[in-house]
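These are the structures, in structure tokens.
In the two assemblies presented below, subunit A is common to both, partnered first by subunit B and then by subunit C.
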Partner chain A sequence: MLALLGILVCIIPAVHATTYKIGNQHNIKTIREGIALAKAGDTLLISAGIYREGNLVLEKALTLIGENFPVLDGENKYEILTVHAQHVVIQGFRFIDTGIASINDLAAIKILESKFVSILNNRFENTFFGIYFASSSDCLVDKNQLTANAEAEHQIGNGIHLWKCQRMTIRNNRIKGQRDGIYFEFVTDSHILNNYSEGNMRYGLHFMFSNDDEYRDNTFINNGAGVAVMYTKGVKMIHNTFEHNWGSSSYGLLLKDIRDSFVLDNVFKENSIGIFMEGSSRNEIKNNEFVKNGYALRLQASCDDNVFEHNNFRQNTFDLVTNGSLVLNTIKSNYWDRYEGYDLNKDKVGDVPYRPISLYGTVIERMPTAILLWRSFFVFLLDRAEKAIPVITPENLKDELPSMIPYDLR
Partner chain B sequence: MKNSIVLMMLFSLVLVQACSVEPVPLVYGKDMCHTCKMTLVDTKFGAEILTKKGKVYTFDDMNCLLSFYTSDYEKRSNIQQVLVIDFTAPGKLIDASTAHFVRADAIRSPMASGVAACSTAEGLATHNTEWNGELLTWDEVVQKIK
Partner chain C sequence: MTRVLKYVFYDILRTRFILFYTAFLLVCTFALFQFDSDYGKIVLSLMNIVLMVVPLIAVVFTTIHLYNSYEFMELMLAQPIHRNIVFLSEYMGVALSLCMAYLIGIGLPFLLFGGIAYSATLLSTGIFLTLVFVSLAFLSAVLTRDKAKAIGIALLFWFYFSLIYDGLLLWVVYSFSDYPLEKVTLALIAFNPIDLARIILLLQLDISALMGYTGAFYKDFFGSHVGLLFSAGILTIWVIAPIALATRIFARKDL
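So, the complex of A and B:
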């Protein structure tokens, strides 16, 4: 009986739902009219064309579907769409040219205090903020494309911006040229899946105070400062690619004050610094590929109880540098292409430990200008001498079980 | 003789000037916060500590500034001046000790301190009708914000 009632409750709104067609050739010419006319549960079908309607406010459960990408133009003045409702769907639009303001964060779509909102398959061009969520939950952002051309970081907002949200899913989006591609602040129990974040001014992904989230299968390439994950616990970072984040204060991944998190199965390729870790504890960094980075790992002395295991280190200028002498992290069973030891018992594990820290790396850490001497004969001699009799480099920082052959990770 | 004295005085003036410590404008998009390592981008927020030797530490938000200021990394006696960005005049540095502050949840600062600064009380008053925040002096900020 209860089940029957449930089904009835589900069907009744569906029966009453109306579809309104909007466009020049129809009776309803503007989206604003359509929104005013429609009731909760209705659908607005918007024909191709250009709509300049200033700021549209949506406060009921409507489905807005664009046919052949109708253009919603902010005329460089307005926030285009403000949503404050539940069960809203926005699909198939092209949002262009929002206003730029330094006090208010103008966005193409701003979603405030809403639930169950889906933003599907839209395009955003030159929007200040693209999709902006605040105090919302259980929303989906799928298959959107965002592109912006700004000259300075403070003239552009974030692509997909979330603030104080729960249970959100951000997937299959492409973000280019924003300030931060994806921005999470106080967002919990959420997923970031299979996104492509390229050429953003600051970070490809920016993550603060956001516990128990997962990001998986994303690509972060060519961003100003890479990816920053900060002041968070319980993050899963799995099977992502961090590539070509070059610059003096740039890194593939910055882990700042991170606890009880996982960095698994990722590729760090051609970054100034693969992973920069500061003030982070109890994290597992396993099965990652570090290739062709300036520094593969830069581990500050403020980190402890982290485990680095089963990673490949290949063709990095420096495998590991640190600024202290105390070793509180575990480094074991990694493959290091610089390892020069031997394996007499043929168990594919090197018989002598590998010391990933070179003397020269330590010198540079204290005196950056010494980079001038890189690849000189002098440095070669120093490193050899230090390998034989460690004086400056931390004696205990070593991989006791270095693998003789690289792991097959991807 | 007289000329040489004038020259000497001029020269010493140049020396004195060269040694004086001047605030350095924050470069948004380039400068990094000393505490949280983030690149500065929001021109409404930011701060700077200037040491007597002329070393400059940049910060993106008040809590980053204060976690550094209240630590012993740089002794108080070595600090020449603390400067903060005027919320109402983006990018402009003002002296922290005479600035007016407001703290409110509605203020979205880069590291979520929720503190904005201004050189005048009136400058913040118009914004604060919307924010309903708590007005603070520099000394109160140092005690309360972490």
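So, the complex of A and C:
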């Protein structure tokens, strides 16, 4: 016992971290004072209340902990917190009403050239940009809630915005009503896990020039234009849900110039276009569920060497449309609810190939106005005739081994 | 007039065809409800019935009925009754009984299983299509004395509006695909009651998101009060014009 006490006595001075309490009832009234007073490694404990302190700049390794969600108010004028330090923790605050500017990207928390910063369990209401990282690495954003109710795209910034970062983790956040829910540009080796991005003006997730990232278990629902992943290689998109991204220029997932990436175990439900692929190569699209989409897949002829395997296609208006006759992709062993073939040897694989492209899908691709005749008897007859003897649709675009029964995905 | 109408009505009920028609629609709708609980999908499946079967039944039933009651009409005309009254009573009798059959056949299951709100558009377009094709069948019946010929003409109407017209429309769209066609196609659609009904139903089924610019244009138009008035007006013209012409021909016809 004495020995233990001795060890403790030795350790405590070595850490020499101080905890400062900040609030109306304490000696230190403002956070600004607290930050000035504290040394690297200290903790600031901030009591509940409203703090209107303009722009706070944090350049030390401090831990800021809010008790019962103290409010940091930007008064519709300021950026609230600017961080330029390592090992900073910001936890349990409520950030409201940042300023709106069209030249500066004002944010509730802006992190510049920092490392090992954690943003945990905060709430953001009506902020222009929510959490803004630039040139940072090894940071964590966990369990934050962002809500905004802007009416037009130019009045609002992105929820979680990352520019030129490495090894970041964005997880368990809920983002609603921003411009882009999560924005990634030049961000590598990072993870986006279990986020819920709903009702954003533009994209649920906007993702560019960000190689070797992974996003998993996220839900993107009801966003203006769905999710866009562009100009990137080596992305893993696993077990996400893309739902109800519905509108004349909306899609569940846009893949533009994507290489060597994986789209696995996702659900695409009720989107105008499930996946829109353009200029993408060597991607694997497997074990996905496409349900009730307008177009399940829109595969432009500029894509090559992609593999579509073991996906379920159910109740889509069109399973697949393309804009050319050249077929450089592999489509095999999917389940198509429109498949009408038979299976004589009972191996659960259809004996005749399935052609996912309907004649009318092709016609509409060439003349969008022709959609007017959709579901008319005339179109039904045309489609039947084309199924019997393909003339207009690409002859080689077919699933040679269509599954007779739907895969048990999730 | 009500008296003549009553006789016509009894006469139609006696043939039992109308009962079979009601039963057919009931069975179809009930079966769809058993199969699926998504109202949108049920409406979608019923849409095909409304667009194909309802007009076909209307034209065939009407022409056959008219020729079968030719003697009754001659007898009536021997009485001091105006020709128009006899003719319009016949029209009302047939149209009313077909509309009732349709309303019961499609509407009753929706009433029982809920989702009556979903079926409002379906029911109203179906009623309009019934009226339009009964009108057209009356027109074809007064155009010729020969029963087979009249059925032929009536079927041609049906065939033209449900198939040939769409082919021509597609050809127009194809030939002029370099031009903005939205307004032109809107006008062309108005010339075909089946197409008009189909577009109204499609827009209700949320398919408009697929239709890109064209869809947005139509949604804006048909979603507005003007569009609603326009489509109802056009369909009313489609009901009134043929029957007015038919009444005129009938009034001057040497029976």
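Points to keep in mind about this one:
We take it that the second predicted complex is superposed on the first by the 396 of 410 C-alpha atoms of A that agree within 3 Å, B and C clash if a C-alpha of one lies under 4 Å from a C-alpha of the other, contacts with A are read in each partner's own complex, and residues count from 1 in each chain.
To be clear about the criterion, a residue touches a chain if its C-beta (ideal position, glycine included) is under 8 Å from a C-beta of that chain, and two chains touch if they have at least 3 such contacts.
What you see is a predicted model; the values in this text were computed from it and never measured.
By the touch criterion stated above, A:379 is placed in contact with subunit C alone, subunit B being left untouched. Using the contact criterion defined above for the overlaid structures, shared-chain residue A:127 touches neither subunit B nor subunit C, since it reaches no partner. Of the two partner chains placed around the shared chain by superposition, neither subunit B nor subunit C is touched by A:147.
Residue contacts after overlaying the shared chain place A:228 against subunit B, while subunit C stays out of touching range.
Once chain A of one complex is fitted onto chain A of the other, the partner contacts of A:246 are limited to subunit C, with no touch recorded for subunit B. Of the two partner chains placed by the overlay, only subunit B lies in contact with A:163; subunit C stays clear of it.
Touch criterion met: A:371 reaches subunit C, while subunit B stays clear of it.
With the contact threshold set out at the top, residues 249 of subunit A are in contact with subunit B in one structure and with subunit C in the other.
Subunit B contributes residues 28-29, 32, 36-39, 41-44, 90, 108, 111-112 to its touches with subunit A in the complex.
Residues 102-103, 105, 152-154, 163, 179, 185-186, 201-202, 208-209, 224-225, 228, 230, 249, 254, 256, 276, 278 of subunit A are the ones touching subunit B in the complex.
Listing the residues of subunit C that touch subunit A in their complex gives 47-48, 51-52, 162-163, 166-167, 169-170, 173-174, 177, 181-182, 185, 189, 194-195, 198-199, 202, 206-216, 218. Those residues of subunit A lying in contact with subunit C across their complex are 246-250, 272, 294-295, 317, 363, 366-379, 381.
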